[in-house]
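Naming follows writing order (A, B, C, D, E and F), and every chain is counted from residue 1.
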Amino acid sequence: MTSVASFFFGVVVALSCLSLQQLASAADPSLLQDFCVADSTSSVLLNGVACKNPSTVTANDFYFRGLHVAGNTSNAQGSRVTPVFATQLPGLNTLGISMVRIDYAPGGQNAPHTHPRATEILTVLEGSLEVGFVTSNPNNNHFTKTLYKGDVFVFPSNANPGAITIANAVFGSQPGISADILAKSFSLDVATVNFMQSKF
Amino acid sequence: MTSVASFFFGVVVALSCLSLQQLASAADPSLLQDFCVADSTSSVLLNGVACKNPSTVTANDFYFRGLHVAGNTSNAQGSRVTPVFATQLPGLNTLGISMVRIDYAPGGQNAPHTHPRATEILTVLEGSLEVGFVTSNPNNNHFTKTLYKGDVFVFPSNANPGAITIANAVFGSQPGISADILAKSFSLDVATVNFMQSKF
Amino acid sequence: MTSVASFFFGVVVALSCLSLQQLASAADPSLLQDFCVADSTSSVLLNGVACKNPSTVTANDFYFRGLHVAGNTSNAQGSRVTPVFATQLPGLNTLGISMVRIDYAPGGQNAPHTHPRATEILTVLEGSLEVGFVTSNPNNNHFTKTLYKGDVFVFPSNANPGAITIANAVFGSQPGISADILAKSFSLDVATVNFMQSKF
Amino acid sequence: MTSVASFFFGVVVALSCLSLQQLASAADPSLLQDFCVADSTSSVLLNGVACKNPSTVTANDFYFRGLHVAGNTSNAQGSRVTPVFATQLPGLNTLGISMVRIDYAPGGQNAPHTHPRATEILTVLEGSLEVGFVTSNPNNNHFTKTLYKGDVFVFPSNANPGAITIANAVFGSQPGISADILAKSFSLDVATVNFMQSKF
Amino acid sequence: MTSVASFFFGVVVALSCLSLQQLASAADPSLLQDFCVADSTSSVLLNGVACKNPSTVTANDFYFRGLHVAGNTSNAQGSRVTPVFATQLPGLNTLGISMVRIDYAPGGQNAPHTHPRATEILTVLEGSLEVGFVTSNPNNNHFTKTLYKGDVFVFPSNANPGAITIANAVFGSQPGISADILAKSFSLDVATVNFMQSKF
Amino acid sequence: MTSVASFFFGVVVALSCLSLQQLASAADPSLLQDFCVADSTSSVLLNGVACKNPSTVTANDFYFRGLHVAGNTSNAQGSRVTPVFATQLPGLNTLGISMVRIDYAPGGQNAPHTHPRATEILTVLEGSLEVGFVTSNPNNNHFTKTLYKGDVFVFPSNANPGAITIANAVFGSQPGISADILAKSFSLDVATVNFMQSKF
């Protein structure tokens, strides 16, 4: 999907995994190493991160501690994303997958956003939340669902290179995104959002 | 890049090519056909379009007529995209490339948008225009340039699966996108845009 | 990684996501659809599943209910995998990602196994467990870790096409896999496992 | 397509975009950069070019000036290709797309050639020209078309790994390539070309 | 490499494998099948071949008989390629690899050719032969080697989308391709080939 | 295929090629080099090997000598693999293909193994041998065939990311793998193997 919009309400804990559409490790057919753990000390600037010497890799390079800790949601959006990316877990380097915990305060939300090259799969561990995504031009269909504990939802990455006009996707989707959500995301009052939605 | 925002002014004619990040034709190592021309009559729903029988393919399947014709820019945005996609040129099916002509009336614009999986390369044939794109979270840097006839600009697709929060990218980029452009795109007055920009 | 061996102990609930190394959706550069929801009624046998007509797709196609339900671990291995694959969640079709819940009874285990083309990222929701994987020939290094609630571990897919001799990886890794685990996996007594391990 | 043969006549200005069949940027799932601008000063020899430090990247890295300038066609083939590749526009690095302007003097031609891994899409800005391509063994079909201003043609890259015997594709296609073109390309007289064509 | 030119002399038996640069099987993350054996009876025209029903697949679908049989080299080029492609071995469908046997009569040759998307690795089983390939514009370097029994040579596919002008690669490489080979390939006398080579 | 098990008997000489499922050379659209020959002296640790300076590359970088030499099979398994990987043939770097010779003493075998990301295509040059592979969970079907001189067999890589439980694939396939083979592979007596097979 293109304009992935996730809107969450209530005290919610969710776990998401993000998967790149294409893993492009510059693999050698007779490579002597099985992985490419990120070497954060390397000065070589690749499109990616250089690898640690395999002989120094340990199990801790594939390990991260802390997803049981609630994120601090005392912020304007009332939500917090705790990422487990290659910066936090070096063994993820080149593997094209990552995991995040998302906490929401009551009424919190994760403002409309996109993941440019990733599919997201999410499950709710506690609470309930409303999720959705909007398709690309010209339809800008809004697929939405309220999720409860144990529910799983996928925000597809898009097989369509066509355009998503941001204003149309956000303010002109069918059906419309809740004006409350948009007001909070864009620092507008609800009346202004209603006015904007009427224009699309 | 993630939140690709192209803003164009003046009577402008531009040509763009869009290239998918990954072409994924389900190629067989001993396929007897050299191409997969879209068969618009097929009832098989693939992720893509089924192929015409190669023995019925002619040069016209690789051909499109009409990019010399100016697009009608009498619309709210003052611009018109004339696409040459596989719908218009069936031989493009599975090849991961397409071309568009974009016409702009004086003061016209192509509202902020994204191409979910495509890189865009653009050249100006007539007139001048302002182009730009905004990078992903957390920086939301705004790269912008005024282009003249013969200039080329690339809107990169993104090697970063991280999030782009739409409101931040559009109203909170550094430096800011022109309030005039945003007002037109979002059907707001300039004062409201200025207010929104001050919030990010 | 090649011979991915996951060994779990205690009453454990874990969530894993699996990500294909290459997503290969046969994407068309001007595809009019944003996704390819699996059409389980199609008689066309592709390498993948044909798509539903996009106009009939609803939010429920991206939704699955039930990961909050504990799996039944009354079996020889004392564990249960609850999958969320495209069979359970049709919108996952072509996206290259999936999610599973794994329950373990006390002393249960998930026998040594491989995921031929997938990377796995796992987090522990309850309990503690021992995880590990073994690298390819000739080293067959065993990377192992005990995980607690909130810990994350990645079982990398392999960038190395070389061979993994199964007997060497399972019975000859350095350090060795626990004889208790292997005895249970292979229906052997511990003395036989110890004898086999001494041979490699 | 395999043996892509483009033959152009008249005073012609054409614009082409070339798109690699596979973009393989070694992308990290939690890369902090959105692009990999070519660092021409790097001494690291990759299959590709190392990236500039993202903090030093500016809009000019995505910009090229000069496609409005006619190329000098005073040469044996009577044509000139003005490339916009990563050498000219560093921001194109790893993006798998490029653009060229091609000028033709009256009677000029771009000798039969192949683009090993790229699809080409071309539009005529001025003049008219004859274009074509030849399919792989055993058929060596010649698809040909005369293009005028505003016409678009795609030279497909090939989904067929089979062989293209050069002599057969060039001198034995069905229908044959014009003897005038081949004489100029191969520095032969027309009678010799006619003789060679009669052998295939 | 781009213009792959293989020239073989003597009574030679060689085995080659061809590997596609990108395997693009439209794999589903929870596909229930492990392979996609070509279904030659399917009427669905994909870019590739539809799969047989997995329940009807047997070991014979992965098997081909006959590479021990010498090919008939009584033809103008004095060589014969015996292919093992998916047409001959249906289990190869979607796997991106194939194998061929090539027989050469004394003085026979395999005319200069390209494999548009494939790398070739070759070993000599009997006899000796001269092999080579030519790089892309502007250098058109000719890498050449005489091989004996047990030697292996790789004809790389090309990481360079740039142009290979056929006349330059074939008649203007450095060092030049033997005039005897070119005369035979192009049905010319040696004097004409010498003349053509002097032009580049 | 997932659990590729190849079991060979008799004095056998076989040639195999291995092809990576995805070649991911980080190709630049305007790269000036046609190949990336492995630079074994580079200290940069990539996921792959850095390239030699193209101006120092010679034909010998694409060449290996010695596949006509029989491997020493005086070892416990009675077989020997002679690899031609990028370590032996630097020009193979990034190309995703390799070749091996396998020699078997009478009664020798190549123990059950997997190639994590590679498809293997094999032909018998001398002797006869029994080959096979086992599919993934839950079926663990065993496809097996006796091959003679000139026969070709493909061991598919797997389009299925699902699990292969090692004990089930090796001891519980349908039909079962010969107890003699398993006894030799796992350093067990035949009676113990028979007992283990009865458990699955």
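Throughout what follows, a contact is a pair of C-beta atoms (placed from the backbone, for glycine too) under 8 Å apart; a residue touches a chain by one contact, two chains touch by 3 or more.
Just so we're clear, the structure is a prediction, and the values are computed from it rather than from any experiment.
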Of all other chains, the one whose Cα centre sits farthest from subunit A: E
Rotation, 0 to 180 degrees and nearest 5, that superposes subunit B on copy subunit D via CA atoms: 180
Comparison of D-E and E-F by number of C-beta pairs in contact, larger one: E-F
Centroid-based (C-alpha) most distant chain relative to subunit D: C
Subunit A-subunit F separation of Cα centroids, rounded to whole Å: 38
Rounded Å distance, subunit A centre to subunit C centre (Cα mean): 22
Between subunit B and subunit F, centroid-to-centroid distance (C-alpha), Å: 45
Sites on subunit A at which at least two other chains make contact: 2, 18, 20-27, 29-33, 36, 44, 46-48, 85, 92, 94-98, 117-118, 136, 157-162
Subunit E residues within the subunit D interface of the complex: 1-3, 5, 18, 20-22, 47, 81, 85, 98, 111-118, 136-137, 157-168, 170-171, 185-188, 192, 195-196, 199-200
Touching residues (chain side subunit D, partner subunit B) in the complex: 1-2, 15, 17, 19-23, 25, 27-36, 57-60, 62-69, 84, 89, 91-92, 94-99, 119, 121, 123, 125, 132, 135-136, 143-145, 147, 149-162
